[in-house]
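First comes the structure, then the notes that go with it.
In this document, chain identifiers A, B, C, D and E correspond to the written order of the chains, with residue numbering beginning at 1 in each.
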């Protein structure tokens, strides 16, 4: 998020696109709903009539995978009516003319044809949004998990720059991150192309800095993203995987393919807290501690670093992950000598500019710090890009609309989209070990009232969902919230895994799979 | 400005209520409906005080202080009224403190203790048991409910789930879920905000029954392990049993203001689940696993990784970091992959 | 000189056809509005202030002052609300005015709107008054058609519209903040004041709320002048008051008398005395918020202050006369039953305290009371009065306090002797066979649902007091006066 | 009228009623009056439909319905009998009248006869104190009712 | 009714209407029947109907008005009759039988009928 959570009630208008906020980010949803009740205007654009739509001034139901068209359409109207922030564009942005030329053809009528959003509704949305003094934009995986994920993200940024909503309280581009420390994992260099704080591995200066800091020589080449590595493993090119606290055998697209890939590995180490679907394929399993069993920090979706204190002892011989890494490193000839997580944090801040001003003491004496926080006196940065963009001028991109990789056809006539439900988390490794949460929600496929009628089924009937890649049988949840011709499967459940069905087509840049759109058929089972 | 309370002067800020000033200076006034989060309700009337120059009793939760105001929270008239109001609440409900999960953290209990009420003195006819255990995580005991309205305000104004409201009227007034449904049959998402804000034992967590009581647990600050919002929480630990008894949202956190979702509040059972991995395991040739010592397991991993590194090259090894472990552990993991293995093949499921 | 009625609020009631605006116009109708519109807003408020008119809904707040408060704040919208949620059991003044002279209320609301700067008015009326609703609808339509309501009234530039809002059976909605909540579609729960409706009322805007009778006085005051009105009544209570005289009085009816008339004059001279020439026991004024006054109060002049001094209050004008056959403890219990049912349940003293009062009274009327209960009643009553959120709770214990003060012996009799002098408390009655009258017909025995009566045919019967449930069936069935009630 | 009303019919009627009041939540009470006037009572299905149409929580609708005594969630009898319990009626013996109706109809206050013909309720003063005690059946008012009149009054309403 | 455009028009209308009422009172029989809730509950409706049916059969000019509550609950239904040039007389407890007597004896014959009620006027 470019902006902070506490400031999200300060918008005049908020747009939610591609986020089932109350299911996936319930506490942020609470604050947005509250703000909407207190007068903030809320616009919701989503194929599902999500709960947030009940609090919205305008809700628009879009065909899955049409975000670029919708956002371009909004920008078309905003420019046409002169609602853009001319001063902001002139002073802080480059690429405006190209964007303007691109969105020219996205008339409401044209966008209606693509997205199914009535021209009149789009006009209402554009007016409400374009005229707002301050508007914030929220998205989640509904924007990113597409073959056009990067295009979608850039389009959201285009819109926010166009309206001058960047660098101010109540505005911003605000991706809602899905896991407790997904932001931190990225910040810490858990990515193939960067060290901590997004310092490029291919940058010689950076490499040199790290070689000096760590006292060793480092690889100068970009590594592989996970999705590509699995394909390579499938082809026999990758030999070993070391998996820490992840469960790709649930979370990866096209699980048949992934399983084959994992089975071809020479060696698989899994470090986890439970015997996950992935651990079952491992050669060695290392038992780790979990959240309340250790001290450490998480960085949340608003870039805020917060401290966790240890509450209970881990079971049996389970160890903190860092301790396992140290033992293994030392087995492999290193002399690591951390005695606690605080020492690691201190080392990390020395090579991580955006964390440089942080310490456990500072984190403990308040409610965390937003990065960038470059010095011990710096108060942290709740809102990014105030006054100027970090990189100087913000770049607008002209982005044409592209259809998703797989579209419904005669054989597979229904859009399949996947995501989360409130009661479970990600691959459900943790939540399915809670009997209460399991009692509250189990596997299902959400289908529209119309499609249920066509199939002649009611609630809880068994339904077979089939795509070109696989097939699952699960319970129907018939609801008015799903439009005709669309089905929704939560991906938490091993017995009806959504990712048996999903398409592993990737975004060409980010290599993110298109979980949000593929084609399926529904049958009474 | 200065305000006199019970004969002593206290510093106060403009706009503060008498109750807020008293609280800030550690002075206790019985009060059951006011909560900083949901604001002034003026319902319980237990916080009445006398203010010089104002006629009759004033509710301290609603009267804003003026410079030089002279307040008595313990005048005979104020105490008599406070006592009777609390007595009415004790008498009209069934507050079985001995087995109540809220024992020791009950604001009604605090008020009764402060006012020296040993037992209720008014007779209300025998109350029928009136509870609702239909919800997965939350127990409702209407006989302990004092209709203070905090839960209703929290559900409508804080978490904005709009499930709770008041139904019926007069002495029959009670909290209702949707159109009078059982809690478990309603649209309640069991975020537990109502439980956290309930001053008495009317809304309690089912799971805490019989476990260590409030004063027996150690409170540890932490951050929720689920989605990326980063709600801060207070984990209540039974040290003797090395067990989490309860998780509360941190009321002062700017991130979540005390709120949690059903997972964050109730989904901690996995921690001491019997399926937890408790020792390293090595796969047998037949595909089954055997327990191993750390030494053996790590030796095997070190050997295997070294072999592959040597045989196939460092870039044939992939490391998956985790969006669910700490920054420190992600740091050591990528450091391990980069410095020990010598590859940038590191990723995690940020995209998945 | 015999007390006379003086009709101001009721000046047209029963004389004109309420469904014909011409009848109203012929009787000075809308002249007050016309003359108000030709003067300044402030002049209207001054006139009302000078007249000394006070709220007739019960509280007795100075009407002119109230208007002035609502006139003061600047706001894009303001509202005039007529409180026609007449809920006092035993009061029907407002219904009579609305059914008999609806235009006087409409005209007054328009005058008020002009004075405070509002162009919208609402009448919050009980849904239980279908005829009043019908006549109001007709009156509004006729006034609009005649241009006496609506846009640019009488070419003055002033516009005023009136709409109806229905109550739905909640006494507490007579309290103005609860009424406003109810108008907004909420549960009728009062909110603490300040802020007062005059600054923050309906839809958060300045709102002036007056009741029907208050409004009905306004056109007359404007037409005849503040001095005329102020010359009527007592020093602090000007004008007249309408009472619904009911209960055990010969001439039950709706009367309007100058303030200062005594209770005795009202009951004996205008009301014709006690029904059946029985003994006067009590008069209840002020409804559930008021109290029961006794013989010693009969010469109390009717005005706001005197009634309060006597332990009751003016209220909206219900006046129930009780004779020797009424049990005053049971009457107190009746009122508590009412307030308990009608409490909104928001604040503790009213919700639980009145129930506690009721429970104790129930104990007493069932022969289970102790003398300590009387102290308990008093103690509770005082705290409920001093701690309740709104007027309903603050006055709910009045019937208990006034009956304890004025009919203490009745309480003692119920508690100590376990008897009810008025024979109204069934649990304290003893049904007994009058042997000299019993012919042994067996009718009582057959009627007894508890098998408490024994006796052979043609023999004297006997009631087993242990078994008797005091239902009274035997007494009803006996044709020979052979069942006595003690 | 039966308890099971078709949901679709309810929804259509509620949409019609609510739009008459411009879907303004301020008009909730007026809308409920109208809905009760139409359906005779306000069952859960009606409350749900109103909540949905006005975009307000159904708990709010339920809270309002149960607050006001005029609203009912149970179907009333074909001939709803209301006995005034205002003070004037009370002192003139309304309680006895109520008891007589209860025993004649074999139902308690608040109930409906099994054949659905009569329901019995008390209400708080209908403002006809001059006629106390007063009984109302539908819109018809009976004044000066004595307990012994109950049977005769009931017999005016044939099956 | 036409729109009253200004105060002047209202005043003119007022005096016209009042004059008409006074003229009617001096030349016609004016019958007012209380038709408030309690009057109706006591049976005023059939009485009103009776007058409406009966009066046209009489060789008299008349006006029948229904009014609101007279305040005389103890005597409902009430009927007020004003014979031309005479003071109004209020009859209480009027049923159809008594109404017939009022028409025959009082209105036509000028003879008193039992059961009049004293009324306060101001």
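Following the convention adopted for this analysis, a contact is a pair of C-beta atoms (placed from the backbone, for glycine too) under 8 Å apart; a residue touches a chain by one contact, two chains touch by 3 or more.
These numbers come from a predicted model, not from an experiment.
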| item | value |
| --- | --- |
| Those chains which touch chain D and also touch chain B | C |
| Chain B and chain A - chains in contact with each | none |
| Shortest chain-hopping distance from chain B out to chain E | 2 |
| Farthest-lying chain, centroid of Cα atoms versus that of chain A | E |
| Identity of the chain that, by mean CA position, is farthest from chain B | E |
| Chain pair showing more contacts of the two, B-C and C-E | C-E |
| Distance between the centres, which are taken as Cα means, of chain E and chain A, whole angstrom | 83 |
| Between chain C and chain E, centroid-to-centroid distance (C-alpha), Å | 30 |
| Distance between the centres, which are taken as Cα means, of chain E and chain D, whole angstrom | 36 |
| Separation of chain C from chain D, taking each centre as the mean of its C-alpha atoms, in whole Å | 23 |
| Residues of chain D whose C-beta touches two or more other chains | 60, 63, 67, 126-130 |
| Per-residue multi-chain contacts in chain E, two or more chains | 37-38, 40, 73-74 |
| Two or more partner chains touched - positions in chain A | none |
| Pairwise chain contacts, counting only pairs that touch as defined | A-B, B-C, B-D, C-D, C-E, D-E |
| Chain B residues touching chain A - in the complex, by the definition given at the top | 136-137, 157-161, 189-191, 207, 218, 220-232, 235, 237, 242-244, 250, 252-256, 259-264, 266-273, 275-283, 289, 292, 294, 297-302, 304-306, 308, 311-312, 314-340, 342-352 |
| Parts of chain C lying in touch with chain E, wherever the complex brings them together | 4-8, 10-23, 25-31, 34-35, 37-38, 92, 95-97, 99-101, 129, 131-132, 135, 142, 145-148, 154-155, 246, 250-256 |
| Residues of chain C touching chain B in the complex | 170, 187, 191-192, 340-349, 351-356, 359-360, 363, 376, 379-380, 383, 386-389 |
| Residues on chain B engaged by chain D in the complex (per definition of touch) | 156, 162-169, 176-180 |
| Partner chain C, residues of chain E touching it in the complex | 1-7, 10-11, 13-14, 17-18, 20-21, 32, 34, 36-38, 40, 65-75, 78, 80, 120-122 |
